[in-house]
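Think of it as A, B, C and D in the order they're written, each chain with its own count starting at 1.
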Amino acid sequence: MKFLAMIAVVLTGGLLIFHTGAFPDFGDANSPANTYLSPYYLENGQADTHAPNVVTSVLADYRGYDTMFETTVVFAAGLACFFLLRRKQKPGDTPRMYRHLPTGVTLHIKEGGTLPAEDSAVFRRLDSEFVPHQIIIKNTCRIVIPFIQIFALYVVAHGHYSPGGGFQGGVLLAASFILYAISHDLRRAIRRFPEKVAALFGSMGVLIYAGTGVLCLLFGANFLNYEALAPLLGVSPVMARSHGILIVEIGVAFAVMAVIIWIYYNLSSAGKHDEGL
Amino acid sequence: MTLPIDLAILTLVVISGIGALAVKDLLGASIVFSAYSFLMCLAWASMGAVDVAFTEAAVGAGVSTVFCVAAVFHTTRRTKD
Amino acid sequence: MTQHFPALLIIIPLLSALLVSAMGWIDRRWCFPLAVASLAGALAVSIGLAAHVMAAGPIVYKMAGWRPPIGIVYVIDYLNAPVLVVILAVALLNLISAKVWIEKDFEDKMGAYLGLYLLFLSGMVGIVATGDAFNLYVLLEIGSLTGYALIGLGKERAPLSSLNYLFMGTIGASFYLLGIGYIYIATGTLNMADIALLVPQLEGSGTLFLALIICMAGLFVKMALFPLHGWLPNAYSNAPSASAGLIAPLTTKVMIYAMVRVGLTVFTPAFTFARPLLSEAIVWLAIAAIVSGSLLALMQRRLSRMFTYIIVAEVGYMVGGFWLGNKAGVTGATLHIINDAAMTLTLFMAVSAIIWKLGSDKFEDLQGLFGKMPFTMIGFVIAALAVIGIPPTCGFFSKWYLITGGINAGQWGFVAALLFSSLVNAVLFFRIFEIAFFEPFAEGHGHHDHGPVFNEAPVTMVAPLLIAALSLIALGLYTGDIVTKLIQLALPAGIA
Amino acid sequence: MNDLLPLIADKYNYWIYIVLMMLGLYAMIGKNNLVKKIIGMNIFQTSIILFYVSIAYKKGGTLPIIMGDAHGGGHAAVHAADYINPLPHCLMLTAIVVSVATLGVALALAIKIYRQYGTLEEDDINHQIRMQAGQ
């Protein structure tokens, strides 16, 4: 197999390298790629959509249809991971570790033993590969997480003016949650943001995007043509495009956040939603 | 853009890519792969693709690594190649 | 409202996928009816579109209202209107037929399964309808990602074959993306029609030629053309029955459609067929696919596995026919996309019904099947006749065009391979008929000699199967109309 | 030497993308461990993103964020040559998202395979499959 791989690689690579000489030089401003279509976006992007960041206006408006499917890809991945991995587990199937909070004693309950109540104030469930009290990590994360989340919201809201947008913001939001799940434990993260909520948020986020498009359709314009929302938002058509971009970016942020958290739940617990990283 | 920096970063990208595939420990490979993504993100930032670099920093160096580590955690670290 | 039909075509499956997967968490009983209703709605829209195209010509739908090279457009023309109808019809029939399987296999994950099913479908519909080269890549990935998941929860080896499929699929899609990058570097645009306008000016461009090769290589991986077909048999035969009937008819056929689309309307025929050496090489690959697919099919002892190798051979038919580069060949390839989707659907639905009743599709378990499941076998026989290519069924007509194309091009190897494959198919299917009909029932372990007991699959399985089987004959009878009113009009002027 | 250096430097990004792509392709076909293959797949995908980003670069161009009065509606003339091409960036955002989605699904499948066979090495899995078929 390695030999076969080598042959394939050498052949393909040779063909590609052989041809590189015909490319325009790196950084050539006069190549067809840089002169045919893209000047339109640069010259008219701000006038058309009122968003100085041209990448955002291309992403969410000129090629907004692509972006809708990009969000759908993420959603599909979330569904796929859930579909492939998730399995229900009865409590008591596997040994479990508990910590008795007042004394700090660690208990190991064997298979079939009686378990303390799920929301017991005295006993706290531990992962089987537990570590002693991690005060530094927990407290640092407790301080850092709100800042990550505020920054994420800034990234979502400020996508028009600076790099970033719904997708990056959504990933950051998800990352803050994953940090919570790693620093505390998966079960508490799931209690805060249950699987069902993640799944519903995921489809809701895509629904916000596609729904905006359908709303445009109902107003008589083409799918995703935010100009049609001008009467609804009470602004000029250009501003309606700008606001439309914001709305769909929020949808993207919702979907991406929820779905990445959902994928993390399934991957980190191998579908059992029991013990994470 | 200062050209030498760009060349240096791209060379490092290749080295870390080879490293990620050569390390005989899957957890190590995931982490080297994270470094690969991060260097790639630097390369893109130096080429002016800030949005792409931002996304790669959040996704490639962040979330993908977590996914990889989670998967390795639930499978095995050992590998023959 | 008609002018918005191209958007509705994809919004309906997409929105219902979201709703269905959300409903899976709220009230599971609603999932299935919602999915069926949405597919029926989308099918109605696609039929409306096809009628509109036949009456008034192609439709260009501007997404977000931007004019073509700037924004993304959907183009419904003579080429993809019939393909769209077939895709949606296949998905609807298979969904109804798979109802019992879905309820049995994925009871607690029904929302997710149906959501993936509809997302897969919206990916496929989008690939066919889109007029933007990059948008095709995104939709390709939706179709593939959901496809991996739909396959991955199947029988014993399914996860491994699904992962192999994922690797090959990613290589294919990435090569396609790279090809788009080469096109972009040479022309600076992503819109298919726009590229086609620029291609004649770049006749001698090596970059563009390499782009053609890379795009085609990527699509060949995804459609499992002969040396790259390794992933297909395992992935399809290990897939859950409910998914196999969806993925097997659609994925390869849609990829072949993408090849036709890229070859004819992105790179113009003048550019695509300009190098006889390339066309010749690909036709020989196709011949190898036909011969090897047929031979490997002979060696199988399980129905579903045998069908997967027949698919490998059928891919060879269409690729070869297209790369013959003449009118009859391309017509035959395009017609065969439609016919083969219907034939494969019928075969896989029949197998799914057989497995539902017998629990197995091994040849030795099929004894006496004509008595046990007569209606299923009627559908099976019609599909088999179509695959072999017996006249009233549709398989004959597309094969006729393909053979004519081979003769016109003087490519006798292709003609011989087609005839050989038909012969092998006849052997294959008559062997099964013999097992299922002539061999005495339960001789080895028979305690009582009552003969075969009538034990038919549920009506939700048999009815779609029979509809699909009838459609095979109907497609055959209306071949003339399909060819003259749609496909002939779709071919650009450059084809001799 | 004087000719060679600019040739390499001018096309350096294109060379690197091909090297990375071949690295990824080799890992996907030739490596034995599934997680290694998945990492190779990701390298393969990022190499193509590098290619697109390299297309977009313009010497002397600045970030594709239109400077000047942010609330003026953009009536001032914008010279496209001064800004880096935004279109490939936008396409590549989509490609990155696709790659992370593929990664997630691939890892999910790998976990499922490990659950089933207890190993991630492809030859061990094939060996087990052959053993089962032989029985």
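The rule we apply is simple: a contact is a pair of C-beta atoms (placed from the backbone, for glycine too) under 8 Å apart; a residue touches a chain by one contact, two chains touch by 3 or more.
Owing to the predicted nature of the structure, the values given are computational and were not obtained by experimental measurement.
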Among the other chains, which touch chain B and chain D together? A
Pick the pair with more C-beta contacts: A-C or C-D? A-C
How many angstrom between the C-alpha centroids of chain C and chain B? 37
Cα centroid separation, chain A vs chain C, in Å, comes to 32
Can you compute the centre-to-centre distance for chain C and chain D, using the mean CA position of each chain? Integer Å is fine. 29
Centroid of chain A to centroid of chain D, CA atoms only: how many Å? 18
Where chain C touches two or more other chains, by residue: 134, 138, 141, 145, 148-149, 152, 159, 184-185, 190
Could you check chain D for residues that touch two or more other chains and list them? 12-13, 19, 21, 25, 32, 54-57, 59, 61, 63-64, 87-91, 93-94, 97-98, 100-102, 104-105, 107-112
Sequence positions of chain B contacting 2 or more other chains: 1, 50-51, 55, 59, 63, 67, 70-71, 74
If you go through all the chains, which pairs of them touch? A-B, A-C, A-D, B-D, C-D
Please output the residues of chain D touching chain A within their complex, sorted ascending. 7, 10-15, 18-19, 21-22, 25-26, 29-30, 32, 54-61, 63-67, 70, 73-75, 77-78, 80-81, 83, 85-91, 93-94, 97-98, 100-102, 104-105, 107-109, 111-112, 115
Per the contact definition, I'd like the list of chain D residues that touch chain C in the complex. 21, 25, 28, 34, 37, 41, 44-45, 48, 51-52, 55, 87-88, 91, 94-95, 98, 101-102, 105-106, 108-110, 112-113, 116-117, 125, 129
Complex contact set, residues of chain B against chain A: 1, 50-51, 53-55, 58-59, 62-63, 66-67, 69-71, 73-74
Contact residues on chain D for chain B in the complex? 9, 12-13, 16, 19-20, 23-24, 27, 31-33, 35-36, 38-40, 42-43, 46, 49-50, 53-54, 56-57, 59, 61-64, 84, 88-90, 92-93, 96-97, 100, 103-104, 107, 110-111, 114, 119-121
Where on chain A does chain B make contact in their complex? 27, 53, 55-56, 59, 163-165, 167-168, 171-172, 174-175, 178, 182, 260, 263-264, 267-270, 276-277
